[in-house]
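Presented sequentially are two complexes of subunit A, the first with subunit B as partner and the second with subunit C.
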Partner chain A sequence: MASSSSNNGSSGANQLLLFVIVGKNEPLYEAEFHKTGTAGASDSVTRQNYFVLHSALDLVEKAAWTTNNMYLKVVDKVNQQQVSTYLTAGNIKFMLLHGGRSEDSIKNFFSDVYELYVKLSMNPFYRYDTPIASKSFDTRVRAVARRYLS
Partner chain B sequence: MSKSSAAANGHALWQKMPKANAELFALTYGTLVTELVRDYETTEEINEQLEKMGYSIGVRCVDEFLAKADQAGMTIPSCRAFGETAEVLAKTGFRMFLGISVEVQMISDSSFSLLIYENPLSLFVELPADPKWKDLHYSNLYCGILRGSLEQVNLKVECTFVKDVLRGDDVNEIRVELKEVLQDGAGEEYQEE
Partner chain C sequence: MNRTPANILDRPLGGRGTRSAESNVSQSAFAYLYSELVQYHQSRVASISELERRLESSGYGVGLKTLELLSYRARESKRETRLMNILQFVSAQVWKSLFGKPADSLERSIDHADEFMIVDYEPLTSTYVSVPSDLGQLSADAFISGIIAGVLDGAGFSARVTAHSVALEDGEGSASSNPSLPPKKDKAVFLVKFSPEVLKRDASLDR
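Then we have the complex of A and B:
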């Protein structure tokens, strides 16, 4: 991979979390969570992260066939990072790129975000499978992330 | 009619009404509003349509209100002042149909405000961030209902939403103004010869 990221790669991996909600055709929501104290990731690291998540999508499809659960645990491991996924009832994928967190905290994070997502989709002004622009959703997701993932 | 008896009547009538699922109710209203949003261009037109629908509902509501009260053996006397109308509407009417309590704030002899704290219609609703939605009165149906039901008892009123929780205020406020007291609308044919 690009050598410029090697400095940030191992030290940043534990602290950088990328959370993406993917619909049928496109990502609907993206959020990066940084541990307090670290600077934001450099541009190349960010793009690399998106690439990793994108390439994990195929593996998500594969994993979805194997189990009835919504929580698909870790579907891909690359460098030091792991991709965990949660599949909603409407086939929307919640994907989290992380550098090793406990299964329980990730599972709780996904359940809480799922609840927020369901409340959002009850809003008559939100159309299913469209990008999520609601600020309050964003604030609440970040609060949940702070609670479970840092 | 005293305030406490209005509230007690409202509570008793609410117990007797058939109930519907609150989420189903809110979601149905939500799809109604989004359909209107698709059909009409400006928020004024949407507000007007909601008010018209509310008017048709209100016309029927008042009959049901008086009939059910009669059935339950309670008498709702004719109001001697507009303030009494306000109390009956807020404490008995809204309570009976929606199960919510509504506060009354008298502004003058011919106008008052209804303060609604919990609005069952706007469960889960968040207005999109676009500034053109600022003028949309999501629950404008209430204004129509008030106008329709009061017109059936010969009070011509105008109702508007003054404050709306969906737009950031802390309470929903509907201003009701009495325009005129109509003559009995039965028409000349029915008058005694």
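Then we have the complex of A and C:
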């Protein structure tokens, strides 16, 4: 299963989604979504996914100042996977690695997560740009992902 | 009876159409809370600049949250990428949502290209504050400059913001000032000095 990661990546890519919230210096939140029933990805595929997502950060930085939309659409394409990004008003990046989903469902996913993020930041004990440890945030993000992305 | 949900993630965030009267706080409550905040910091610092720094950092968090909340409520999924736009956002939207009215003016400094001034004739934080003479140049509006710095930093325009008290010129001044207080003799000016890379980036976007 771990033999040829590019082959494995293409068959698993449609099911596997990686969602990362990146602040100014470090990832603040990570979640993998996969269809119930399929096994989670192997270690090497997961690492490769993280690598692809993080290498797309440079492209996000470049694209960030060219438009004043929050939704930056697809920023990078690697193999069959695409990285879509959404940038909040505070320049926090929501990045999703996916194997091709419709623009609309991704946009809806991002706006719902944005709403959750804004509510979370209203907590006076949550400091901006720090890792998000809240379990209820995690549960809700997964629920949103199930609604729009599977 | 409708209880607000216990989890912050379930509460509504408000926006167009929701009743904004519920979100207003009485001025006396704020003044009381703010005076406690200042006294708390005052008892823990050894110098004036330290006190100002603490007030600024208290306001910084407010600025960051205000930026996210107001951008979300505007519902347009747009963020500001240009310098003039973010300054207008601060002096109009942020001021209106926090203080009930837009800032009295936004000016650009003639001597320095990277300095801007936001003027408020009656800032909320110093309306009920009198600074004793041994505290000299302390401005209680450091809290507001922290808010401005938070909004600008969050949006990616790092800046140094300081609050100054400038004498009012004849003919200036708001007509609606509180009649029970003695007439104001000065206005608060928030000097915003952007870092050089911000200006460079903004200039390159012009092309």
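Quick notes on this one:
Definition applied: the second predicted complex is superposed on the first by the 145 of 150 C-alpha atoms of A that agree within 3 Å, B and C clash if a C-alpha of one lies under 4 Å from a C-alpha of the other, contacts with A are read in each partner's own complex, and residues count from 1 in each chain.
Here, a residue touches a chain if its C-beta (ideal position, glycine included) is under 8 Å from a C-beta of that chain, and two chains touch if they have at least 3 such contacts.
Note that the coordinates shown come from a computational prediction; the quantities given were computed from them, not determined experimentally.
Look at A:Ala133: by the touch rule set out above, it reaches subunit B but stays clear of subunit C. Once chain A of one complex is fitted onto chain A of the other, the partner contacts of A:Tyr71 are limited to subunit C, with no touch recorded for subunit B. Comparing subunit B with subunit C, the partner in contact with more residues of subunit A is C.
When the two complexes are overlaid on their common chain A, residue A:Phe125 makes contact with subunit B while staying clear of subunit C. When both complexes are aligned on chain A by C-alpha atoms, subunit A residues 119, 122-124, 134, 136 touch subunit B in the first and subunit C in the second.
Taken together, the subunit C residues at the contact with subunit A in this complex read 7-9, 11, 13, 61, 64-65, 67-72, 77-82, 85, 154-156, 201, 205.
Those residues of subunit A that touch subunit C in the complex are listed here as 64-71, 87-91, 111, 114-124, 127-128, 134, 136-137, 140.
Residues 23, 27, 29-31, 33-34, 37, 123-129 of subunit B are the ones that touch subunit A when the two sit in their complex. By the touch criterion stated above, subunit A contacts subunit B in their complex at residues 119, 122-125, 133-136.
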